[in-house]
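The following pair of complexes shares a single chain, chain A, combined with chain B in the former and chain C in the latter.
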Partner chain A sequence: MSFLTTFVNGLSLGSIYAIIALGYTMVYGIAKMLNFAHGDFIMVGCYIIFLFSSNLGLPPFISILIAVVLCTVLGITTERVAYRPLRNAASPLAVLITAIGVSYFLENLALLIFGADTKSFSSVITWSGLSLFNGELQIQGITIVTIAVSLLILLVLQLFVHKTKEGQAMLAVSQDRGAAMLMGIDVNKTITLTFAIGSALAAVAGALLASAYPSLTPYTGAMPGIKAFVAAVLGGIGSIPGAMIGGLVLGIIEILSRTYISSQLADAIVFGILVVVLLVKPTGILGKKIQEKV
Partner chain B sequence: MKKKINISKTSSQRLITYGMVIAAWIILEIFLHTGLMSSHLEGLLVPMAYYAIVAVGLNLCVGILGELSLGHAGFMCVGAFSSALFSLLTVGKIPDGLRFILALFVGVLFSALVGFLVGIPVLRLNGDYLAIVTLAFGEIIKNIINALYLGVDSKGVHVSFESLMALNMEPEGTVLINGAMGVTGTPHDANFTIAVILLLFALVIVQNFIDSKDGRAVMSIRDNRIAAESIGIPVTSYKMLAFTISAAVAGMAGVVFSHNIATLQSTSQYFGYNVSIMILVYVVLGGIGSIRGSVIAASVLYLLPELLRGLNKYRMLIYSVVLIAVMIVNWAPGVIEKRTEFFDRIRKGIKNGAA
Partner chain C sequence: MLLTIKNLSVYYGVIQALKKINFSVDRGEIVALIGANGAGKTTTLHTISGLIDPKEGEILFEGKDISHIPGHRRVAMGIAQVPEGRRVFADMTVEDNLRMGAYTRKDRSGYSDTLNMVFDRFPRLKERRGQLSGTLSGGEQQMLAMGRALMSKPDILLLDEPSMGLSPIMVNEVFDIIRQVHEDGTTVLLVEQNAKKALNIADRAYVLETGSVTVTGDAEELLNNDSIRKAYLGE
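Showing the complex of A and B:
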């Protein structure tokens, strides 16, 4: 049973990675940029929820809603101010380095406002969870909620992308920005919408992450953010089901290696898997191969 | 008859860079010996020099090769640990000066080797993927060394990833790497003068490489890989060459690092991806592709917080804003257009005013 418990924990962490990776993969697929600051949007979301629910005593659900709205605004603003001017820059490194700058900015702003000390985050989920097989398998409430929320988000996103006009526009922009523009699609609006969705997901992921791992610092989001990018690459960047699969695989591997191999080597194993996958299949598990044109 | 010395433009530019470093060294040495420098500032001189060395190495990778590496702290880590182990094993057996030179060779060789091995998979990727995989490798190196226990006794070398006890050492054996506690007792061989000599050495190597035929080939790959390939430049081997040299230079900085610190630990504070990013900030703010700029930016930005103690809290915030602003002003097509328009107007205005 202890293996099953570990596995479920991995599934829970994997679901959080998956939600972050969904945001990453959409932004990367459509805006063609690696938003290095995505992990820090999670941290911002966490601090907003912390501020409203722990300090001002608002109910968790309302705090999460506020965090989602504010993170969306933050995502749209960041894109507008820092990323859009560089979209057609001569070097693709320009926008990546700018994203690193945004990441630095958010971390240090949080450091200045909230200080470097660890804040203890009270879980947004109060349900104690399920006890199965005569109490041999304990599943925490937050674990169940996390997995359910991530599946729900996956379903909604899939429907949104394939059934709505805006979603179709996103697919078109991700395939060929120039052609999409000629077909009358507003590329700027589509990219803004993508950033809005990605940042909103980051806030939701922040709520779940901080509930499962309740210590909050300005650097809380950085590592999960990078691992979620690894998950997105693992699943095939640009693919929504791929992000889900990549996130779950990564979370399970991380928790299993932390439990059964070494807690210090878990991160090395996770990054090692990224290297191996990119060597064997550079486009990820569900990625499509793109031919380079001259 | 007077012999005419012909100095080309590139070599005079080079001499200016070397001269600047030497001048800065002389001034700082004067401050050191006249006691005008606080002991706190004194402790920052060697780090300033080794970060300048890594910045020079990273600029070769980012500016000349055009590939963004976020893992150079990892190469520094390899250089630091391999040379520290060598010094620890040979202390008392080899005279001090020679030992440091050999340790330098060991550190540079190992980091070049790791750079080469990492380069094989990494350089097959492009752009963002390459950046994230170098970051991954940097973290892998840091994490593995952080979990490593290593010791020697009469039976040979013992390695473990679990604990000190799992090494099964004889009581008289020596522990070399004590897991997260790191390496202690590395001889304090490096000082500011040695660090500056190595910085000059790194500058000579990198500058000569850039100005050589190989350097031009690497830059042609940066500017247009497909065009370079079509005129017969072996793209992969040149990429490997530049990347390996870049890693070796970072390893050299690691050697200075490990011989200047009492306890060498493989922690995020010293070798995490944040350090790689910090060095990248030096390279970007100094000017991508400008070796002199990297040295100036690394030195100034490393010392700046100490000179502006009151602003220390806001320092990183200012950094990040400046970084974003520099990127937008230098790279955004819209801003570049406005900038040239503005300068054209000024130039015309001056002409009209003069006429």
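Showing the complex of A and C:
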């Protein structure tokens, strides 16, 4: 494989991390919690698509749409039932531990329903892709679609956050929840909306991930979830463009290390780079200095 | 009465911060709430705005008990607050902060009228409308916090220590603005450490001591009250 092709593959994996990281970073920024079950929402999305598309034979696009809707409902329900009651708990660890609990719950539920065996997922994209520069650059259809979808999502999210009233409410809640309430903003509704968006994105990420790496188990979402979390921290947690950049950087580093250094060491290198970046810039690439004014 | 507080008790865990307090604010008044650090002034304003739920008691606004209405809906009913420490949205521009203040308003033309009114009242905000609020000076942030609260066209404005940390000139400016806002027809409930200034501008005042209202009367009376002069006016 040429360097260029490898690089583009990294970009593609990075785009998936970016979409997942967007959910992580928005929920962190607005609800001020780490939703460690976020990766498992991806897995749930994958199984839903698998069920409707491979088993019931619905067209991929319809299956994805169903997965997006059901994951959104799952996200809203989880927040309502598991996280909201703990929002004002004395220790912020309470909700974090609950999120880990939700993660195990979803993984074991999938185990119970679908079993531990690997399901092979048929790609939702059938387009074979492009070959450019006399074969120097081979791009699969799924790669192109993944990159395009993630750019589109970033664009729509930025417009949503900066140009709509609901988006502005999210920014306000992320900066000062109490002051946001004093503006007349329904903080609960804003947090619900954030979970809805994050979970819908997890379903989209699931469709892309399972199409690129078509084997599905109850633990499919766990590792991408953790890496997307790393990506969000790398980019500056709470920052939407930061999640995008963090995701892309992470994906590219991972694929390049896997190809040119060692596939066993790739993950270690990824996490090593996180450590180095955080030592140099603790707030991440686009993270802001925490400044306070009297 | 526009606002009546009846037997209001508020707890933080087991600590009782407000002990069955009673007071009221009539339409068109400036009422001052003074008291030492930790007396419960901020707690009172937070409870009126719905940031904290009372354990018992009533908050009557235009005769209706609002203590069980979610805080965000009280803004649309006509209650706005300029919180202690200003709490402007630091990463938003001045204009976006003002837009957040008008969050509950639906009418576009009314919005721009109010924006112009606020810009007339605070010319410095107009000059700096595109600046990030976190980079404003303390005085400018106070102006912004007040302008932001006015954007909802409140019936009553709750002000929590608006003069805190400001230079004497700025303090005078803030009090001038409070007077003007009041002349424009807004009722004001003013919490202040600067008791002298507060009593000078207010019609009536309540003194809060460790969670209880201990003294009440016309502002002028309190200005001439010996024990008040000793305790709060530093004389």
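Here is the rule we use: the second predicted complex is superposed on the first by the 289 of 294 C-alpha atoms of A that agree within 3 Å, B and C clash if a C-alpha of one lies under 4 Å from a C-alpha of the other, contacts with A are read in each partner's own complex, and residues count from 1 in each chain.
Following the convention adopted for this analysis, a contact is a pair of C-beta atoms (placed from the backbone, for glycine too) under 8 Å apart; a residue touches a chain by one contact, two chains touch by 3 or more.
Computed from a predicted structure; not experimentally measured.
In the superposition on chain A, the chain among chain B and chain C reaching more residues of chain A is B.
In the overlay built on the shared chain, the residue A:2 is in contact with neither chain B nor chain C. Shared-chain residue A:185: touches chain C; no touch with chain B. Once the two complexes are overlaid on the shared chain, A:267 sits against chain B while remaining clear of chain C. Contacts of A:126 after superposition: neither chain B nor chain C is touched. Looking at the shared chain after the overlay, A:172 reaches chain C, while chain B stays out of its contact range. In the superposition on chain A, A:86 contacts chain B only, with no contact to chain C.
Contacts of A:104 after superposition: chain B is touched, whereas chain C is not reached. Residues 294 of chain A lie at the contact with chain B in one complex and at the contact with chain C in the other. Contacts from chain A toward chain B in the complex involve residues 28, 33-34, 82, 85-86, 88-98, 100-102, 104-105, 107-109, 111-112, 226, 229-230, 233, 262, 264-265, 267-268, 271-272, 274-275, 278-279, 282, 294.
Listing the residues of chain C that touch chain A in their complex gives 49-51, 70-73, 75-76, 80-81, 83, 85, 87-92, 96, 99-101, 103-104, 134, 138, 141, 148-149, 152, 165. Across the interface of their complex, chain C is touched by residues 165, 168-169, 171-172, 175-176, 178-187, 288, 291, 293-294 of chain A. Those residues of chain B that touch chain A in the complex are listed here as 62, 66, 68, 121, 124-125, 127-129, 131-133, 135-137, 139-140, 143-144, 146-147, 161-162, 180, 226, 273, 277, 280-281, 284, 288, 313-314, 316-317, 319-321, 323-324, 327-328, 330-335.
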